[in-house]
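This is the structure, below, for whatever I ask next.
Read from first to last, the chains carry the letters A, B, C and D; within each, the first residue is number 1.
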Amino acid sequence: MAHHRFSPTGYHNVLGDRDPVLRITDGDTVTTTTIDAAGRDHESVERAPRPNPMTGPFFVEGAEPGDALIVEIQRMSPTRETGWTYSLLAPNVVDPEILPRLPERQRVEWAIDRNAGTVRLMEPPSAVADLVLPLDPMIGCFGVAPGMGQAISTATSGRHGGNMDFRGFAPGAVACFPVFEPGALFFLGDGHACQGDGEIVGTGIETSFEIEFTVWLKKNANHGWPRGETESDIFTVGNARPLDQALQHATTEMLNWLGSSFGLDPTSASHLLGQVVRYDIGNVFNPAYTVICRVAKTWLRKPDSALGWLG
Amino acid sequence: MAHHRFSPTGYHNVLGDRDPVLRITDGDTVTTTTIDAAGRDHESVERAPRPNPMTGPFFVEGAEPGDALIVEIQRMSPTRETGWTYSLLAPNVVDPEILPRLPERQRVEWAIDRNAGTVRLMEPPSAVADLVLPLDPMIGCFGVAPGMGQAISTATSGRHGGNMDFRGFAPGAVACFPVFEPGALFFLGDGHACQGDGEIVGTGIETSFEIEFTVWLKKNANHGWPRGETESDIFTVGNARPLDQALQHATTEMLNWLGSSFGLDPTSASHLLGQVVRYDIGNVFNPAYTVICRVAKTWLRKPDSALGWLG
Amino acid sequence: MAHHRFSPTGYHNVLGDRDPVLRITDGDTVTTTTIDAAGRDHESVERAPRPNPMTGPFFVEGAEPGDALIVEIQRMSPTRETGWTYSLLAPNVVDPEILPRLPERQRVEWAIDRNAGTVRLMEPPSAVADLVLPLDPMIGCFGVAPGMGQAISTATSGRHGGNMDFRGFAPGAVACFPVFEPGALFFLGDGHACQGDGEIVGTGIETSFEIEFTVWLKKNANHGWPRGETESDIFTVGNARPLDQALQHATTEMLNWLGSSFGLDPTSASHLLGQVVRYDIGNVFNPAYTVICRVAKTWLRKPDSALGWLG
Amino acid sequence: MAHHRFSPTGYHNVLGDRDPVLRITDGDTVTTTTIDAAGRDHESVERAPRPNPMTGPFFVEGAEPGDALIVEIQRMSPTRETGWTYSLLAPNVVDPEILPRLPERQRVEWAIDRNAGTVRLMEPPSAVADLVLPLDPMIGCFGVAPGMGQAISTATSGRHGGNMDFRGFAPGAVACFPVFEPGALFFLGDGHACQGDGEIVGTGIETSFEIEFTVWLKKNANHGWPRGETESDIFTVGNARPLDQALQHATTEMLNWLGSSFGLDPTSASHLLGQVVRYDIGNVFNPAYTVICRVAKTWLRKPDSALGWLG
């Protein structure tokens, strides 16, 4: 259960079979840094091209296809005092008829105050005298190599994770990815200081971070899609277009999980989900959209496993 | 500001230009009853055919096309001790590949305990020793006549409301519908004792209710879609397929609302929505799906209007 | 087998349970007139409001719910010398990103030359010196009352037909609608002098027509969606959004038809459809989109029925 | 303008930055072979794993990002006497409600008769006494490296081409791909002896081929999506889900093409497309669906370019 510190010297714009930057083991913790979605580091120096340059990949000893990689997000600390967003709703989240009436999209800056725990729009429009929001960090893009020789752009997402932009992937949350390649090959980046549901301006508040995470292996997991856990909930993630299909993937993965880990046959799982399920929209901006299917732990019995709820 | 008590003697399976059952006025409160989605009343006697027979319509004096009808849900009391659901996830919410492996759908009964505030599955599968959920009433289907001579089935929804199956339409919440016909012609029914997001088994816990609501008129509102308010949030509703389009409608309606009532131009509204918006999925079962776009009141200044946040 | 001539004096903007204008019988032919989508008649006088005012309904003696109404389009003759279209692709058929760069939509006129069999853009942009297209009439909107008390706008479509805007509904073709109300209650209108696939400028070349059609009844048909026949093909029609769902409806209806009329079990039908099916896109503009599933008659044996391919 | 003969010794399951197998030049013709979607060669020996193993990549001298690679399909000759298909409609092309009633999918064999120009189902169900279809070869999957370090599975498609399964990619047709990597890196495979629209059983009649093709370069083309040409038509290709989005991509690409090569501003192009456009559905089975936007050459003036209609 070592604690590694890793400073990246290069970045990747795909999740794929790339040379590992560090070999780690079940139970290890890593502290590393990420640059922003446009490739800017803690000094706002451009280190890599778009989209979403990734730190990694980390090779997890013993990880084999069919396993699952569990990643606990321990901490996210912004490493600079500014972040940026786009200034306008993305074209695909509003009725197309209104697009000709909207102003042009611009890139705007936000001030990050780590002590106050806030982000503040630096040059607000006059209609917004002062826009101060909570500093609420999350990971926009992370995941593993997708296998089969694929190298998938960090602009999109899939069964392997990727650019899901779900604001629930925040410190304290645990993510879990199906493993497709030996060593899993874990990548991360695209940190946001804050983001609403759907990433509907096409960005969160994009900035650079120091991130600390811990990994575990679940052997022979045979998961189909990313899963996760917060203090109160378990959840599954579907990535596809339209949202309808993303929701189908997430719901099917939850149905499978309720069966294999919680002993609920499809009818029992349906009785529960029908009345207590919650859905969240991760993003409706990227090539693949993201829907989360979530169930409160209060309705379930914790599995008798060293890996707890994800076991 | 009269308080009416109305006992229905007939029901409608469409929202349209039907003879009013009662004429009410801005500020009035109505206490009435609804039967369940299958037409059963408080004694489980079938009073009307499916789908979702409606009580009403109520004619609101002075309501004209272009106005908006505000409906505060004051109270919902179940009027019998059982409700029913379907026993299996709907075919359209899971990956189609798994459908041949699922058991047949059945109709099952739940016991409603008004004192305890719970609903209990009456014959649970063995995997679910005992399934007891909170009694959490909501209105599945309500709205106004859609205008233009249309009579729209209570199985679906649109700009006029209808079968939205959003669990936020609960006591304490306020709904607001665009008016398309003189008198608005307000209908309601399809109460649920509990329901998860999406109504993914095709039902909530369907039962009969006594419902108390109060109406106000907003003149010359020119809303495009249903809106609403809870203690903490304002929200808009989009009804369409796929979910992507429902989300576009809801987001566009919120953009318009933030402009007209809160003084936010599209750029200012985008800055806010981009980082704080929340989306809920009303239903993913009916012919039109429902997406809610929600913003916490804490980010907004209450309009200086007799109608408060909806003004 | 009477031949009726009917001159309408009023029009409907919904398909629903309206008073019949004429009672006709199995085998009868009707010659009547339709006004254009904006309500203009053969003298360009506005006779009814938008959208798509319908002539009818015609009550077909003996038609009962569960039957099917067969409508052969015998002839369509434009009754004036101009038609109109919109001048720009609809917002929903192009990438939303390009919409702010497009010019405003205008209404433009076309000259119809019945002798030459052509339509000509009257004031062409300079880039189009002269745009002359074939006069190729078709019916944009027709169908029957949808039942269950519904009255559905002529802007959209469903199982009952409606605004399908499929250019295959042309003279020589036969359409077939499920019957939901006694007498079927057949409506028609929205004739186009020409139209591409998808109705992607939001109109065909809209004009007024004299139309001659013949009806037959298929008793106890139990169809789910509109069907049809041309000299070379049989086809089914699905109406929904997104196109994916319209295609599912059309394909399922064809699978059912191949079973009940042509003796092909699902596997046999799949072998055939997999290698010879053709899909057409009716419209991608209306609230419900339209997809046609088509099979050449050459691959099938004509049913031994008085109603031929539709029997 | 050399004629190369190339016999592959290895295959790829992604389109990406792989070592070229042959360097060719503008105007060159290549005769090579492809194995079937399951990796079987002309002797039915398995040479590579699924999905859709590709022959290539071919490096085209002088091709640079921003150029377009034109590929004329000169000839496709099946190299064995059998092909295979699946026996049932794919789950996503029918209404999900009917899936539990359908039989299980099986793999079935077809006999290919090169002399007769037919394919025949080898063990037809009793309802199909004899199913003999025309031998109508086409390429299911071909395209170029997608750039940005991506390696995209041959199961899906995108701007770079890939698994489009459009039956129009047949001998005599010309395809045109945007170039994203130096040398373009052209791959091809997944030949079908026959296929209906949509590839709705999840396969065409899959077999091995000898294929002859000729390449040309269009410098600084700045295309966004694949394009193509047949004797009668020009067409563009959009790949995405849902079909609605694929159609948007294809239509936007056609709008751009009509502007840059045919001098039609958006209004002029709209006048033409609105009344004469044709849409084809390539596939509705793969992760990305494929829609073709097609215009008859008769409505256009051939560009004054050495590359003809694609110039």
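Criterion: contacts are C-beta pairs under 8 Å (C-beta built on N, C-alpha and C of every residue); 3 or more make two chains touch, one makes a residue touch a chain.
None of these values were measured; they are calculated from a predicted model.
Chemist: Looking at B-D and A-B, which one has the bigger number of contacting C-beta pairs?
Modeler: Higher contact count goes to A-B.
Chemist: Using CA atom averages as chain centres, what separation in Å is found between subunit A and subunit B?
Modeler: 32
Chemist: Approximately how many whole Å separate the CA-defined centres of subunit A and subunit D?
Modeler: 34
Chemist: Approximately how many whole Å separate the CA-defined centres of subunit B and subunit D?
Modeler: A distance of 47 Å separates the two centres.
Chemist: Where does subunit D touch two or more other chains at once, residue-wise?
Modeler: 92, 96, 102, 241-242
Chemist: Touch graph across the chains, line, ring, star, complete or other?
Modeler: complete
Chemist: For the complex, which residues does subunit C have touching subunit D?
Modeler: Subunit C reaches subunit D through residues 85-89, 92-96, 98, 102-103, 108, 119, 121, 124-125, 127-128, 131, 133, 194-201, 203-205, 241-244, 247-249, 251-252, 255, 263-281, 284, 289.
Chemist: Mind listing the subunit A positions that touch subunit C in their complex?
Modeler: 91-92, 96-97, 99-100, 102, 104, 242
Chemist: List the residues on subunit A that touch subunit D in their complex, please.
Modeler: Residues in contact with subunit D: 12-14, 16, 148-153, 240-242, 245.
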